[in-house]
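Structures for review follow.
Below are two complexes that have chain A in common, paired first with chain B and then with chain C.
Moving on to the complex of A and B:
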């Protein structure tokens, strides 16, 4: 089990836009490099990518304010 | 003054600016804020503060119900929306008035008309204001579209009628491209917005961005001359001036009169700005849109006219008639504003929130710094990157540029990167000194000067 940490402080989004489905759902298999969410910092968006392959379980919720280094998900 | 207690439905430097104006009018202030903004300067300055929700703006600064609840609980009798957030939301203006409160801005119906691209264009044409040549509203018939294209000439911009934010825009340079791009643009608009309707407009290739400040009381309007905001990066204004350095007096008179005509035609109330594209070779100007709010760059107008725009809009919306006569509004000297943002110019303007460990604010003659910063303030990552605006005034434009360079050297914000180094280069640039620029000047300049920004 590896924790995926937020690279930046900001708002975490699990969808590419409000009217689109989530990038990944709990229990989905992800590959290393898959985009699993976005961090918005001052209206600028950065993709968050899986650092390992495995089954993903989210810790942070959609639209949750997060700190840099805060766990977003577990992959294992 | 009908207003006794004003609620500020905004944050950052504009909230500070509004509190200052209210206090000078003897009005009490209520500052609403998100959970992330409890320590912001406006909260410390206001008479009262109310936490209206979580950091995410949709749950706080855009939460109409929470804002009206805070107004009710604190006994506020008016709401100032600032800029951004709900400032140009007609539904919010209506909801504030329906709650029996004063909205410091235009009526919801004015926001609705001027916020709709096609309706605003129709209103402008009806008031005799030149608009960018194009289709009057949407074109659904390809034959009609070809006919208009022939009449206005290429290049032509094809836009989605239901669009926004640059989505669905195509540029055709000749009829062949136009024939290819029209169906593509229509299909994309249909997919993105559920409406394949298009409208077309001539591309004004080397335009300057010039805008006219107006104040109206619902019947009469006056202009406070123009600002030029041609220096833009990704359509965001970076450096703003008043007056424009290149506008001949006869064109200025016509431009400003057109803005007053349109403001009076829509019975505009409050402070507003009409934006135009200006072709400095032909001296033609074209209305593009109206912003029905106070703007970020309003201080340059205040510096050259001596009019406190924020105080005036509060007075007017509080029910007082416009106290300014057009003949009393005069241009005195030249003012420049630069935006100090929490962005790193050495890293492609990546936003960089953080804590202000030290702050030195410039002073001296003709120097003003409108900011939300104080030493120890933690800039939150949830909102836009504007930290403050450095504004200078002098009798001449060259004097103002020299003063800007001097004031920027004095400004010290430590603990996080800012756009100060960019402005230091611009203030010493030969093209800026000659006012030789247009809306697409800055982006290539940034590429060419990237090495100088890597401090």
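Moving on to the complex of A and C:
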């Protein structure tokens, strides 16, 4: 299991926009480089990408305030 | 000597002590948001206090050096690494020709100042090398750094490695952050009750806070004293006839979310200002992460001036420690 850490402090979003479905759900298979969420800070959105392939389990909630280095999900 | 940008970070800009003197014609101060940290970084590497450095927010860049240099990283706890090997913050270290400077995850604070011996040698525009991104003015091509940029660095011998600022002379906001503020000309616009809870409520830094303004939310909305809006003022009770916005002034559009104007702010407009954060505490704002709790603390002009003198003394001590 590899933890995927937030690169930035800000707000974590699991969907590309409020009216769209989540990028990934618990148990989905992800490939390295897949976008799994967004971090919003300073009016910009930074994509969070999977650093490994495997099954994803989210740790952070949608719209949760996060710190840099905080685990967002586990992939394995 | 140059520094190649491998990865730019989130928003890394060239900043010095800023561009005062043009605010009345709409060109903001710019310059580092945490000036004490910026000056400390320069002194550590043997530069003049106001040399141009890099301000990196929330995330560090990755930089490759084309020549040997002395480097120091101050302000936020953004741990530097040279070719992957950890270095201390607030301490000078050497980076050799061909080596790469990168950063670990942000541990504390918001903005790190990366000083390189010789200083970042971009052209001086209106007396400063600072970047004002909204106006595409100064800095490196008037913008934040991008991968592939080659930053010119001036000549400087560089101080030796291992010079360090003692921890007690490093300044960082508390938890919650306490921002001292002087009530302003428009204080009478809000009710006595609103004036009270403005100071007692705990606010939180909004994620959109940036170099232009720091927005806070979470406190109770401010209630206004009813009046017939004067000619030239907008219809919202938070509107005034257009006025100058000082650096540090706190506007509260609609009475809901206070915004403290910072180094890249607009210089005037039509929102009432509840007061002004004192100059001694503006550095602290630059180190606030999103969602950080903060309180406003009322002070008098005499207390504000004393705080400014105390800040100058802290800097004198910092200089003497090197």
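Methods note: the second predicted complex is superposed on the first by the 76 of 76 C-alpha atoms of A that agree within 3 Å, B and C clash if a C-alpha of one lies under 4 Å from a C-alpha of the other, contacts with A are read in each partner's own complex, and residues count from 1 in each chain.
In this text, a contact is a pair of C-beta atoms (placed from the backbone, for glycine too) under 8 Å apart; a residue touches a chain by one contact, two chains touch by 3 or more.
Predicted model, so just to flag it, every value in this text is computed and none were measured.
Novice: Please tell me, clash or fit, for chain B and chain C sharing chain A in the overlay.
Specialist: clash
Novice: Determine, under the contact definition given at the top, whether A:9 touches first (chain B), second (chain C), both, or neither.
Specialist: both
Novice: With the two complexes superposed on chain A, say which partner A:65 touches: chain B (first), chain C (second), both, or neither.
Specialist: both
Novice: Under the stated touch criterion, which partner chain does A:37 make contact with: chain B (first), chain C (second), both, or neither?
Specialist: It touches nothing on chain B or chain C.
Novice: Which partner, once the models are overlaid, touches more of chain A's residues, chain C or chain B?
Specialist: Between chain B and chain C, the winner on chain A residue contacts is C.
Novice: In the overlay, one of 92-100, 182-190 or 380-388 from chain B clashes with chain C and the rest don't. Which one?
Specialist: Among 92-100, 182-190 or 380-388, the clash with chain C belongs to 380-388.
Novice: Using the superposition described at the top, list the residues of chain A that contact chain B and also contact chain C.
Specialist: 8-11, 40-44, 65
Novice: Inside the complex, what are the residues of chain A that reach chain B?
Specialist: 8-11, 40-44, 63, 65
Novice: Can you check the complex and tell me which residues of chain B touch chain A?
Specialist: Residues in contact with chain A: 36, 54-56, 58-59, 342-343, 350-351, 353, 381-385.
Novice: Give every residue of chain C touching chain A within the complex, in rising order.
Specialist: My answer: residues 10-11, 57-59, 105-107, 110, 207-210, 289-291.
Novice: Along chain A, where are the residues that touch chain C in the complex?
Specialist: By the definition above, chain A touches chain C via 5, 7-11, 40-44, 46, 65, 67-69.
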